[in-house]
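Listed below are the structures to be examined.
Shared between the two complexes below is subunit A, which pairs with subunit B and subunit C, respectively.
Moving on to the complex of A and B:
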């Protein structure tokens, strides 16, 4: 099957859904590509790091406006591409096409929402069913998620992961040793790096409110950085009202890239531009005009208790 | 003896969809919305396995944040009403409950036998449009059950239901022994008075609990003040009245602004929206409900985020996490801290004097404590069926209690159909 990826990208940018057989083919190609990528991807700076986008397609287009188009800008997406927003299908389709077209200019690592059980609860499954009339597309995407890399290192100095670290994951080598080609389990090292959160108040590991992963404190972060010879940890996973949050004396940053999350939270979003000398610059943005509730593309029902 | 079917199974099947979503219909649509949420919520009927399975497969699946929030709201009101009605030392048929803006709620038909025994009257009040549709739905549900040879879900609880059309000043109503569904605009105290005293025949000297479950936000502040003042008016008000109120607050932040904006685009206005719990308390004080000489009063309130952490026991939280884990903790915190729930009471001194001489805890004070007691939402204690042996065992057995120890996630997500 000969596929014109530029045409696919152009079509999905106009929110024209690609048909099922094409999605199947693209997912299969993606799996082949990802098979060759290591658990921990090595990236050279400069790179722009993007946090959770959660199906907010217009805001993803906004990211490319604000941060520069791919492949002109080198991108790293920290996972959670789907669920919650109304355009998860378009979002993951676009990101997948970009990865296939420019494999060395965009890196996608896995988030805790790239999983079968979570996507059934948080909207991606429902959206696939609604947009394609069949759950088959969801199966193709979630099978592809099993192949995504799970962490990244920028110039061997900045460690990037979706959630954080856990007691079974003290070294980057431990992450390299994980068998990642499966659905995210409920516990163990793969769950920990997808689900954990920093806790500015604590020193060590503690039980997480989410029911999976752990919270980790200052001592854990310092030890991780020392042992693995990294300067900084970049992660996403947690909503930040200002778009980002820096903790532990500038040793850990949370990047959040979904503005007005769920069309309800009223938060800002950011992307983090890591320069050639690893200097960090936040580019803060708010929701795209098309993402506003009045826009026809967004269905009007935002949930509250009434 | 109850049949194997449950009341809430019926109601959604018999409701006609609303046409259009503009203007005053929009508030009525919130009743619809709540009714749709309730059956779709995995949590509120968790102890009934057949029902829970149906909910999990329910196509209109809500986000976990909404399901969990609906859970806490529904369960807390269930718990509080049971706690009020099953207080010790009251005679049978001595307590009254009034639910303002009750919508398509079916709570009165789920009360335990002990609660029903102490109940004198349970009144549900809402707009005529809602009352008419609920009446029709209830009657159809009973009729359907009859054709199937099953127990009538509604008529078998308090006896036969008599419908009365609106006639001059008398509103549309559906009444039976101990239960009344009456049409009235709560912003009009004259109409409310007719509904409660003429139709539902309430006794203003009996202890009465008012439920304001997300309703006062839709009422203009002046009318709301009027309503609270009317509740405790010297010669015409209730001598011993408590209230339980749940609704959103503005919070004075971005989230609150966004909420107002989002709802506006659905034509839902919030004229009565207050900023925080302090503003609610101040309003009750202004109305003479709280801190009035010659009345014994009390107030205790929380935002839902802290309340959830307080009232949900560890075992219950484990069970919730087993059925549907919650990933979005920050969003949960944001959303829930923009909702408040409080209990207030106001009792004329003469009525209260009796209990003081008996050296027991003041009943309203005790109720307030029980309402928000730490860990009070424990599966077993509020399971409607288990609380009342007369109802018999739950068909199909009980769901197992939670998964492994705290901090661990156990998914039991359904496989796609």
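Moving on to the complex of A and C:
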């Protein structure tokens, strides 16, 4: 099957859904490509790092306006492409097409939402069913998610991951050794990478209130950086009202790239431009005009039977 | 009358039934062991705590507080063991990582760790079970684990008998308020108001809300009570901004300590024990932990 990826990109940018057989082909091609990528992808600066986008397609297009088109700009997406927003299908289809078209210019790593159980709960499954009339498309995408890399290193100095680290994944080598080709479990090293959060109040690991992963403190971050000879940890996973948050004496940064999250949080978003000398510059943006017109992702929930 | 809110606004908490066996409460001067034993023996989840010196209620003691204490005490026990292995330290709790929760509670009560005094940086703090040795850095501020301070974590809220049920329902609907009391003329608790008590009232008055009774939903968002549970859960979960694991679970090989920490962190009442394929095997609850702590 010969596919014109530029045409696919053009169509999906116009919110024209690709047909099921084409989605299947693209996902299979993506799996073949990702099979060759390691757990920890090595990237050279300069690169622009993007946090959670959560199906906010118009805001993803805004990211390419603000940060520059791919392949002119190199991109690293830190996961959570789907769920919550209205256009998860279009978002993941676009990113997948860009990856296939420009494999060395865009890197996609996995987030906790790239998982069967989570996408069934937070909207992607429902959206696939609504837009395609069948859950088969969801199956194609979630099978592909199992192949996504799980971390990245920028010039061997900046460690990038979706969530964070855990007691069983305190070295980059430990992450390299993980069997990633499976759904994200609720505990263990893969869960820790996808679900953990920094805690500015604590020093060490604690069980997370999310029910998966851990919270980790300054001592853990310093030890990780020292042991693995990295300067900084970049991650996403947590909403930041200003679009980003820097912790632990500038050793950890959270990047958040979904403005007005869930069409109701009123937050800013950012992308992080890492320059050739690893200097970091935040490019902050607000929701795209088209996103402003989107209804909230869920109806208002009444607190009680009132 | 059409809506549940109309029904609840026309009735008062005084109309709710009082408990058949009277009100159980503890005094703030009791030890933690005595207080948790009361919860266990009476098979209740929480109890109001009365300060006789102040003549007022200071909060509620909840079974969840035992979880928090167990997590803290275990971490302190491990810290003490680490310090003890590095040399002698005054006031170090016995370095026994396997110390039962029961013995920790008893030790905290007997050794005076439960009295409320200010923490003195760099020296043994009588107000907590944390340990500070002169040779080690001053510890981060530790919570004080005695009955008054645990009780204050769950603020005491009360309503008079003529308060409308609607007001009680709104307070209990707020996630931070799990317990509500009705005070009698003597200023003492005469009734505990819970969500289940209000639900029971609604159940007894379904004939007054025929639309609700006929399951044609009267929720403002018009969604049907006939929706499947997964659709309902999706709505509820997506209303939360922070993601949480779809199911709180543990594996058979996990320790009780891990279960305690997970229950404490998630504020869940129970966890599923699952096998390697995530198939459920058992359920472990806060009450199970409480029984373990007091029966062990």
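Here, the second predicted complex is superposed on the first by the 293 of 306 C-alpha atoms of A that agree within 3 Å, B and C clash if a C-alpha of one lies under 4 Å from a C-alpha of the other, contacts with A are read in each partner's own complex, and residues count from 1 in each chain.
Just so it is clear, a contact is a pair of C-beta atoms (placed from the backbone, for glycine too) under 8 Å apart; a residue touches a chain by one contact, two chains touch by 3 or more.
All values derive from a computational prediction rather than experimental measurement.
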Answer with first, second, both or neither: which of subunit B and subunit C does A:209 touch in the superposed model? both
Just to be sure I read the superposition right, which of the two partners does A:122 touch: subunit B = first, subunit C = second, or both, or neither? both
Partner chain(s) touched by A:283 [first = subunit B, second = subunit C, both, neither]: neither
Could you tell me if A:24 is touching subunit B, subunit C, both of them or neither one (first, second, both, neither)? neither
Between subunit B (first) and subunit C (second), which does A:263 come into contact with in this model arrangement: first, second, both, or neither? first
Should A:186 be classified as contacting the first partner (subunit B), the second (subunit C), both, or neither? both
Classify the contacts of A:136 with the two partner chains as first (subunit B alone), second (subunit C alone), both, or neither. neither
Touching A:170 in the superposition: subunit B (first), subunit C (second), both, neither? neither
Of the residues on subunit A, which ones does subunit B touch that subunit C also touches? 84, 112-113, 117-118, 120-123, 126, 186-187, 195, 207-212, 238-239, 261-262, 265, 300-306
For the subunit A and subunit B complex, residues of the former touching the latter: 84, 112-113, 116-118, 120-123, 125-126, 135, 138, 186-187, 191, 195, 207-212, 214, 238-239, 241, 260-267, 293-294, 300-306
Sites on subunit C touched by subunit A in the complex: 3-5, 8, 140, 166, 169-170, 173-174, 202, 212, 219-221, 223, 230, 233-239, 241-251, 258, 261-262, 264-268, 278
For subunit B, which residues are in contact with subunit A within the complex? 30, 33-34, 37, 61-66, 69-70, 73, 214, 248, 253-255, 257-259, 261-263, 265-266, 268, 321, 324-331, 334-335, 339, 406-411, 413-414, 416-417
Which subunit A residues qualify as touching subunit C in the complex? 84, 112-113, 117-118, 120-123, 126, 185-187, 195, 203, 206-212, 238-239, 261-262, 265, 297-306
